[in-house]
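Pasting a structure here, questions to come.
Read from first to last, the chains carry the letters A, B, C, D and E; within each, the first residue is number 1.
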Amino acid sequence: DLLDSIMQAKKIRISTDLAIPPSGMMDGSMKATGSDVEVAQLLAKDWGLELEFIQTTGATRIPNVLTGKADIIISTLSVTAERAKVIDFSNRYATLQSDIGCLKSLNVKDWADLKDKTVGVARGTTQDTTLSNMKDKELKIARYDDDATEVTAAVSGQVDCVGTSATIINQIGVKNPARIFESKIPLATFDLAVGLKKGEPRLMEKLNGWIAENIKNGKLNAIYKKFHGVELPADMRG
Amino acid sequence: MGIELDFPAVLERWPNFLGGAILTLELAFFATVLGAFLGTLAAVGRRSHSLLIARTCKVYVEAIRNTPLLVQIFLVYFGLASIGLKLSAFTVAVAALTINVGAYTAEIMRAGFDAIPRGQLEAAEGLALSRLQIYWHIILLPAVERVYPALTSQFVLLMLASSVCSQISAEELTAVANYIQSDTYRAFETYIIIAVLYIFLSLVMRAGFWGLGFVLFPRRRRLGTPL
Amino acid sequence: MQQDTPATSIVSLRDVQKSFGSLKVLDGVSFAVERGEVLAIIGRSGSGKSTALRCIDRFERVDHGEIVVCGHRVDSPDVDLRALRQDVGIVFQSYNLFPHLTIEQNITLAPCSVKRMALSQAKELARKVLAQVGLEEKLHAYPEQLSGGQQQRAAIARSLAMQPKVMLFDEVTSALDPELTAEVQRVIERLAAEGMTMVMVTHEMGFAKSIADRIVFMHRGKVHETGPASILTSPTTPELAQFVGTGDLKS
Amino acid sequence: MQQDTPATSIVSLRDVQKSFGSLKVLDGVSFAVERGEVLAIIGRSGSGKSTALRCIDRFERVDHGEIVVCGHRVDSPDVDLRALRQDVGIVFQSYNLFPHLTIEQNITLAPCSVKRMALSQAKELARKVLAQVGLEEKLHAYPEQLSGGQQQRAAIARSLAMQPKVMLFDEVTSALDPELTAEVQRVIERLAAEGMTMVMVTHEMGFAKSIADRIVFMHRGKVHETGPASILTSPTTPELAQFVGTGDLKS
Amino acid sequence: MGGHLNFNHLLFLGHGALWTIGLSLIALGGGGLAGFVIALARVSPLKSVRLLSAVYVQLIQGTPLLVILFLGYFGLAAVGFQLSPLAAAGASLTLYVAAYLGEIWRGCIESVPKPQWEAAEGLALSRTQRMMKVILPQAIRIATPPTVGFMVQIIKNTSLASVVGFVELMRSGQIVNNSLFEPFAIYAIIAVVYFAMCYPISLYSQRLERRMGRGKFNLAPA
C-alpha cells in the first residue's frame, strides 16, 4: 500500500500551496517557509524520509493526491463533511481561527452592522462556505482567488471587510497604515488536517499517531505560534 | 488508479453553473460591443494624420498585446481603487476586457482597412464624399465584412479569456467552478462540466455572430461570395 | 476660388509640372478644353496621360503650373476639393464600384450624402442615369453580378448622377473585350452627342478618331502634338507616326 | 487506355457535354486536331472556349461524350492523369510561374520530379527551351523580375520542357499590351513552324487568321462554325459575321 | 511574511521567466509539428479527415487552455497515464497550439492562388510533389508573419501551466506577491518582463508583414 511504497522510496511527496501565507510562502531568500512547511519538514524528519514539495495551487491540491502525484496534503485543509466524501482526513494537527475583520474606523459590532458592507474572502475556503451559508444575514460577498488578492483588495480599498484568519487581518494595516484593519466578529474555528487518498488505513494510523505525539510534545503548537502569533487551543498545547 | 466520478454530486449545483455561464456571456457581450467600438476608434486613430493620435493608438495597441490580460485586470482593479474609484467587479471586468480586446480589434480592423483597394477610396473622393462619409460608407462596412471571421474568433477568445476575471471577484463560470470544486473537492467532474459549457458557449457565440452577419451583410446573404 | 478664365474654357492646364521622386512625369503640360468639347489624350505607356488626368481632379498635386477647372483654381493648396469634385466626374479603368452596395445604392450614395437629396428623389435619378447607359434592369444587382462592360457603364452612371460639368475617363475600356468595349463606347458616344464636356485617355485609336474633337498626343511628359482627329491619319511628328503604327499592330 | 483513333488525330472530342450546376456550358462539342495542326478556338466571352480547353487536359470532368488525347481516354474516370499531362502542355492567360523558384528551377522542376531526369541534363534542357523562346539570359531571374511578355514566354518554355505532343494555350496574350503580345505571338509562330500540334483559345483575330490551320467558332456551348482561316473573312453564319464584325471594331 | 522586494525575489522571478521561455519553446516545437499535420489534414482530399480535423480544431478552440491543461495532467493520470508535469504541459500546449497554428497555416495554404495548383497539375506533378515543391514553399512565406505573431500569444499563455505545478513567470510573481503583498510593484515588473519578451517578437512579425506587403493579423487566445 501507500505507506510501504513511501517507506521503500525513502521519500515522501507532500502537496503544499506555497502561496498562502502564513501557512505556505517564500521567505526573503525565496526558501519555502510557513507553518505547513515546517510541519511537513518535521514529519519527514521524524520518519527519516526525504521530503519533496509538490507545488500546487488551491485548485490542484486534491487532484494531486487523487492521481498519485503526491502522497499527502499538508496545505491548510479544513475538514468538512462534504470534502470527506472525496478524501480521507487525519486527525487535526492545527486549527484555524477566522474572524470578520474590518477597517478599524468602521463601527461594526455584530452581524447586523455588516448588512450593506461587502466582505472579501478567498474563494472556496471554509470561510467562504460558512459565510455563503449564512443566507439570513444578507451579506454581500466578494470572492477572490486567494488570500493575497483579498488582502490587496482590502489594502487598495475595494473592500472594507474581510473574512479570514486574524494573522492576515493584521497584515493589511502593515501594508497600508492608512487602512488599519482589526478583527470585529469571530467567524469560526476550523480544524486543519492532513489529507490523503481514501483507503489507506495504515498510513492514516501512522499519521494520527505522529500527530498525537507532536501535540503532546508541544512541537506543533510551537510551529503554529511562530507563524500565526497565537497558540493552538488549550487541549492541543501539549 | 480508479477515480470514481460522481457527476450528480456536482451537477446538483446547476444553478451556480448557470449563473456563472450567464455572467460569462454578459461579460463577453459588453466587452465585445464596447471593444469593437474602442478598437475601431483606435484603428481609425492609427491612420490619423496627427502624429500624436497615431502614436498614442500604437502605444495602446502594443502595450496591451504584449502583456498578459491578468496583469491588465489587476492594474485596472486595484489601480482604480487606489485613486478612490470603487467600481463593481463587473464594471471593472468589462472595462479591462474592453481595453484588452479593443487592442486586438484595432489590429484586425487595421488589416481590414488596408485591404480596401485604393481605387475604392479614389472613386469615393471623386464623388465628392467627405472623409467621414468615406469612412462610414466605403471603408468600415466592407472592412468589417472582410475581417468578420477573424473578429468572430477574437471575440470568442475573449469569452474564453474572461475566465481570469474570477481573480477580481467576478462570479463567472471559472469562478463558480473553482468555488464548487473547492467546496466538494470534485475537481474532475467540475472541470469536465465547464469544458463542455465553454464549448457550448463558444458555439452559441459563433451562432450569434453568424446571425448578426446575416443581418449585417445583405450582399453576402444574397450572393454568398466573399468580398 | 473663382477666376477669370476664357469664357468658354472649362478645363485649362498651363505649364503643369509634376515629379514622383526624381522622375519628372509631367514636364510643362498645357492644354484647354472648351465647353461641350471632347478631348482625347493618347500616348504610349508611361508618358503621363493618367497623371495629367488625375491632376485635373486633384488626385495628384502639381509641383508647378496652373490648373483651372470650372472656375476652381485646382493648383492652389486651399481649393475646395468637394466643390471641385461635384463639378467633375471621373471614371477609371478598374470600375471601382463599391462591391458591398447594389447598383442603385452605388448611384444614390453621393447624391444623398453630398447633395442631401431625398432618397426617393435619388432613386428616381438612379433610374434615369441607368437608362442613359442602358442598364435599367440592373438596379438591384450587386456589381459582381454584372459583366465588365456593364460594371463600367454603371460606374459612368454613378458619375453622371452627380450631374458634373465635365467628365474624365481613364482608359475605361482597356480591361474589356471587344464586344464589351463597344457597349461602353456607345454610351460615351451618346454622352458626347448630348453635349457633355469630356476628357478621355484612351488607346483605342479608332474610337479616338471617331469621337474626339481634338487629340492631345503626349510623349515623355510633354504635349508632343495636338490637333483635330485627322492628325492620327497624317501625323506630323515621327513619334506620333510610330505610335500610331504600333497601335495598329493590335488589330 | 490505348484506343483506336484515326491514325493522325491527336486530340478528338465527340459530343462533349458539361454543366456547371444548372448552366450548360458545353452542349455537344465535337472536333478533332490532326498531328502538326494548329487549331484556334474563337467565340464570345462565356461561350465555353476555356471550358472546352480545360476538358482536354482533364481540369474539368465532362458529363457526357468522349475525349481522346494522344491515346488517353480522358473522359474515363480512371484515366492516368499524370501520363496524360506528360503528353499535353497547357499555358494559361495568367502565366502562373512559381514565384518562389527561378526561371531555371521553374523549368527543371517537372522533368526532374516527374521524369526523374538528372539535374544536369534538365538544366541543359532548360537552356534549350529558353533559347527557343528567346530568353536564355533570364535563366537565373525570378518571375517577378520579368515583364509580362517574358513571363508568358517562360511559362511556354516550362511546358515545352516536358516535350509534350500537343500544346494548349488559353488566351495567352490577353493580359499583355500590344508590344508584349507581339513577342509572345512570334514564339508561338515559331513553334507552329517547327510542327508542334497546338490548340489555342484567342481573341486576337489577326493572329488567328495568320497562324491557324483551322478555326473553331464556339457559340453558346456549341461548335457553331468550323473551317479554314478564310471563314473569318467570309463567315457563313450570321453569328460569326457579327462576332468578327465586333472584333474588328477593336482596331 | 512581509518584507521588501530584494535581489532574491528578482532572482526567483528570473527563474520563472526562464521557465516561461522553456515552455514556450516546447509549445512551439510540439505545436508546430502537430499543427503542420492538422493543416495538411484540413486540406486533405479525404472528406473524413477534413471533418475530423475540423472537429478537433473546434473543440480545442472552444475550451480554455486552463481546462485543457488540467484535464491533460490530472485527467490522464486518472485513467492511468502518469505524465510528468513537463510531459503533460508539453502535451497540452502542443494540442492547444496545434489547433491554432493548424488553422493559421490552413489559411496560408489556401491563400496560394488556385492557378498555381492548376499549373503544377498541368506539369504532371503528383499531389505530394505539388504540395511539397509548389504550394508549401509559397505558403511558408505567407505563414511566417502570423506564425511569429502567434508566438507572443504562446508566451503569455504558458502562464496557465502553473496549474500543473510550474512556477513560471506569472506564478512566481504571485508567489512573491503573496509573501510581500506589493501587487503594483510586482505586477508592473511582470508586465515589463512579458513586454520585454513579447514586444521584440511582435515587432519582428510586423516587420515581416510589411516586407511581404500585406496586412495579416493574428488572433489573441489571451
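Heads up, the rule we're going with is that contacts are C-beta pairs under 8 Å (C-beta built on N, C-alpha and C of every residue); 3 or more make two chains touch, one makes a residue touch a chain.
The chain lineup, named per UniProt: B = ABC transporter permease; C, D = Phosphate ABC transporter ATP-binding protein; E = Amino acid ABC transporter permease.
Quantities reported herein were computed from a predicted structural model and do not represent experimental measurements.
A.B. asks: Treat each pair of touching chains as one step and give the shortest count from chain B to chain E.
C.D. replies: Minimum number of steps from chain B to chain E: 1.
A.B. asks: Among the remaining chains, which ones contact both chain C and chain D?
C.D. replies: For chain C paired with chain D, there are no chains in contact with each.
A.B. asks: With centres defined by CA atoms only, which chain is the most remote from chain E?
C.D. replies: So the chain farthest away from chain E turns out to be C.
A.B. asks: Mind naming the chain pair that shares the most C-beta pairs in contact?
C.D. replies: Greatest number of C-beta pairs in contact occurs for B-E.
A.B. asks: Would you mind checking which chain's C-alpha centre is most distant from the centre of chain D?
C.D. replies: Max centre-to-centre separation from chain D belongs to A.
A.B. asks: Using CA atom averages as chain centres, what separation in Å is found between chain A and chain B?
C.D. replies: So the centroids are 37 Å from each other.
A.B. asks: Between chain D and chain E, tell me the centre distance in angstrom, where each centre is the average of that chain's C-alpha atoms.
C.D. replies: 46
A.B. asks: From the mean C-alpha coordinate of chain B to that of chain C, what's the distance rounded to whole Å?
C.D. replies: Here the centre of chain C sits 46 Å away from the centre of chain B.
A.B. asks: Send over the residues of chain A in touch with two or more other chains.
C.D. replies: Chain A, residues with two or more chain partners: 59-60, 63, 66-68, 152, 156.
A.B. asks: Please set out, as single numbers or ranges, the residues of chain B touching at least two other chains.
C.D. replies: In chain B, the residues touching two or more other chains are 1, 3, 78, 187-188.
A.B. asks: All pairs of touching chains?
C.D. replies: Those chain pairs satisfying the definition are A-B, A-E, B-C, B-E, C-D, D-E.
A.B. asks: Mind pulling up the chain B residues that touch chain C in the complex?
C.D. replies: 117, 119-120, 122-130, 133, 137-138, 141-142, 145, 217, 219, 222-223, 225, 227
A.B. asks: Mind pulling up the chain A residues that touch chain B in the complex?
C.D. replies: Touch residues, chain A against chain B: 58-60, 62-63, 66-68, 80, 82-83, 85-87, 120, 123-125, 128-129, 142-145, 149, 152-153, 156-158.
A.B. asks: Hey, which residues of chain D end up touching chain C in the complex?
C.D. replies: 44-45, 177-179, 181-182, 203, 206, 246-251
A.B. asks: So in the complex, which bits of chain E are touching chain B?
C.D. replies: These residues of chain E touch chain B: 58-59, 61-64, 66-68, 70-71, 74-75, 77-80, 152, 156, 159, 170, 183-184, 187-188, 190-191, 194-195, 198-199, 202, 214-222.
A.B. asks: What residues on chain E touch chain A, complex-wise?
C.D. replies: Touching chain A: residues 1-3, 6, 8-9, 11-12, 70, 74, 77-78, 82, 162-167, 171, 174-179, 181-183 of chain E.
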